[in-house]
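Order of writing sets the chain letters: A, B, C, D and E. Residues in each chain are counted from 1.
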């Protein structure tokens, strides 16, 4: 299964939800997905196109465009193609359906994205902080306008 | 069976001499490329500040210092906070005049009892002040010591 | 045989007469008069000799330096030569080696480990992260300036320092104890 | 006879007991030093080198440090039990010490064992008092308010209960063969032929059960360091930890002595060797201690050469393998005795 | 785990400081007797915020930071990062530099596996084995040291090449070390396969089936131990792995024993790869000629774009997703560590096993907490 046929199949199946689909190289493809339907798309990817391996899931903050992108990097155990699927969310109230029912290992990725970017995942089984202490929740440190960085408290002798 | 393990253990008692490096007394032979405490050549340094800009950890600051211990004239030289230094060698790679270089000082010279002593001024980097470092690796630096 | 019978006779009395806190045969004092006196005499030298030759350290690998910490205990560097052995329980340890980044989340746990260790106890800052935050000194998550929290005796710069440096740090700590300048014991 | 009077004088016996206590402490220290050196040899390193020549004073340094460390009793611990548990452990090994002979003096063909007491049921007594340590460990588990201690102590119970049974049966078969419950009589019964030759299976089972009883490595689940931090001893500081540590090593030495006494012939030597008075005083004890040292060496070797069992595997080993084997050995011994061998 | 638990059960917190692992993490295990009813992992005790730090460093300074993601595989981290930047900037790496990179990466794989394997033995109480493997690891470390000049954090790769050439006489040294290492690995394998206690502790413990392993997102040796030959070096070749002959080591059983066996086999395979590289390595420049890239790197501005680059770490699939906006600092860097899903997969594996098997299973995963927390 090569990159072009995958993109073709995906856009055929979800003409409304998938846009800006592109083939970067033989093994890299990108697509944007409407956030409402991400679970269905993921299920289709996993069941039909054998994209069984969720490499990672993370957020990117674009304050000047006022949006947060959630990127799903999905690979496969059968073919070498990797799909970078993006869902664009508004920055003020980022909400998206959780893909944990499809990809089990998305659990921690979503928890981390939640506490670092403030993306709220609907239907997530256990949405709470993962890596930060509890009192830091709500600061969203990986957003570009985070105030606590750089942290100038270190004793630098020079 | 466990007998095999015991035989291996007994074999090791007789045929396995200790591989321990006798650390504090005998210097370990280091690789030629080992990155220890930096050494400053005050004659070559032009005080351009590229090292300070390159440092990933902001450990270098350009300060005024005497050009030689017996002269009053002052110029700009780097001073390094060893408590911040990553010993990554970027400052040495990027130095346009090759004024900074690696030495093999990594033990007695820089392990200190107080945090404040970890600041290395240009005089100390140029070894004009005794930094209390023995010649740890000495001249005898080899690439490989078969154990 | 006699000992057992004696204890059986005595035990009911303990529960009746004395409070729960007083245990027969165990002298419990609040004063440190004895140790204060000892500190002025030559006995302290003997005690310090014993202490410096048996610095058991806490296995507390926290980062890159943790790997070097593990390697130091092994055959090539062999801290056992100095009587230094790793212990897993803080109750048995004398030296806490801070061997990595102390984050805001981890600092309470580290303090707790420190509190659980019995005095006299010492701290070694092993590596840049412990001394100043190292490459993560600007991070939103780490806690800097550990030497304001713990009474650090020896600073070992390097990122990470080689294993020899840890052994040298122990030697420096021994020197410090011998010179009676360490922070673990009040002189 | 005058010699008899001196030897059976109760005052002298008590003094002898105290001396033996000191000897066993010294022995434990030597054993710990020996273990550290031997493990270092196996692992191709040096071991203690700095405190004294080749680190012989290492244990002195450790003891000084442990004695002068802060003694912490956790706030939520049951103080009385917490403080007295190491004493109970120590008492258990010292009570064992009372009945175990440390060698013998042979004068004019007459054997005088070096032991604090000479009771007729000494092997039964040793078996009984060694179980007291279980009470000590139970006190730790109950009082320390630490879950690792509880887990370690419960593992200890499971293991001890499992291994006391085959151990007891092996002792019974030895007693049947010797016709006595007295350790000294048992040693005498082995005069020409050691019991290891007559009942090798019994020795095998006894050795493994004894190692489990001592808590040496394939069976040290009670303080398996990687899982339970330090097991039942986790909460103890300073010399209370030291006492627990020492008790373990003394138990190891006494256990090795039992192995030598019951199966390896004790201090028995050909009569020709002990005819001379001076040789008779020195040789039997030296021979006995040498064998004990060899057994300890072997136990230490095993400690550093094998991984650790899981606790259910240990219990399985005891009930499913060692117990049937020990019964087999019992039947074998009964047959031998009936045949009059 | 705040809910009320029945009195026959208890919650044990293993960690954050626990001898089980280099690096703190906490395992809250609910025990019934000795067996685990339920468990939960609490992460982030050494979360350092590397992704945020990387956004504020120049590309060159970033190399020093990515070294410290996982301290056991610093070179592969660098390769993932540097490869990412090279893909974005379109830099070609000369062949000699590629070979040197492969050599250092495989050496790093050997030392990582030696540590993981030995540490695993020490979790079972077999401390001497740990000493033996670390003894061999020191030799490999000396080899790495002689190339890069540091033991753990190398800072060796540069954009477009490597910092230094192989030292003189490296081939002989490597030959000498590998000769001994082969013998030692054989003896470890023999010890492992003949020791009854070891087999009792490992065979049939912590079994992963291929389907479950794929579902959990596990990669690296734990996945290959189940029989799935998923290896980035084969599936998506980078550097010169295409020209090199090697096998992907797999086992069928998927239990703890198989994972250790895969590591043993992979070490042999790595040595084979290095020997091929030393035979095939061409002479030539270390940096692309006619470009400003070199040991004294210029201040780089990388064209805007996004790229995902992944390499095979000793522990599995290591990937970097980098977004550049055309300035001299990356806009966003996402690090996909291999241990992250592996550690996440622990609680389902631990259900129903006994306390002693926690260390057995967790140790066989060879997890590196620093990389999970980043």
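In this section, a residue touches a chain if its C-beta (ideal position, glycine included) is under 8 Å from a C-beta of that chain, and two chains touch if they have at least 3 such contacts.
Every value quoted in this text rests on a predicted model; they were computed, and no experiment measured them.
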Number of steps on the shortest touching-chain route linking chain A and chain D: 2
Chain separated most widely from chain B, comparing mean CA positions: D
Of A-C and C-D, whichever chain pair has more C-beta contact pairs: C-D
Of all other chains, the one whose Cα centre sits farthest from chain C: A
Mean-CA-position distance for chain E and chain A (Å): 24
Distance between the centres, which are taken as Cα means, of chain E and chain C, whole angstrom: 32
Rounded Å distance, chain A centre to chain B centre (Cα mean): 44
Multi-partner residues of chain B (at least 2 other chains): 2, 5, 8-9, 18-20, 56-57, 81, 83-84, 86-88, 115, 118, 147
Touching two or more other chains - residues of chain E: 18-19, 44, 47, 49, 52, 56, 64-65, 128, 131, 135, 138, 153, 195, 197
Junction residues of chain A, two or more chains touched: 131-133, 141, 146, 149-150, 155-156
Contact pairs between chains, per stated definition: A-B, A-C, A-E, B-C, B-D, B-E, C-D, C-E, D-E
Chain A-facing residues of chain E, complex: 43-44, 47, 49, 51-52, 56, 214-217, 219, 228, 230, 235-236, 306, 308, 310, 317, 319, 321, 323, 331-332, 334, 336, 340-341, 344-345, 373
Complex contact set, residues of chain A against chain B: 155-158
Parts of chain B lying in touch with chain E, wherever the complex brings them together: 1-2, 4-5, 8-9, 19, 30-35, 54-57, 86-90, 93-94, 96, 143-147
Chain A residues within the chain C interface of the complex: 131-133, 136, 139, 141, 146, 148-156
Chain C - residues contacting chain A, complex: 104-105, 132-133, 137-142, 144-145
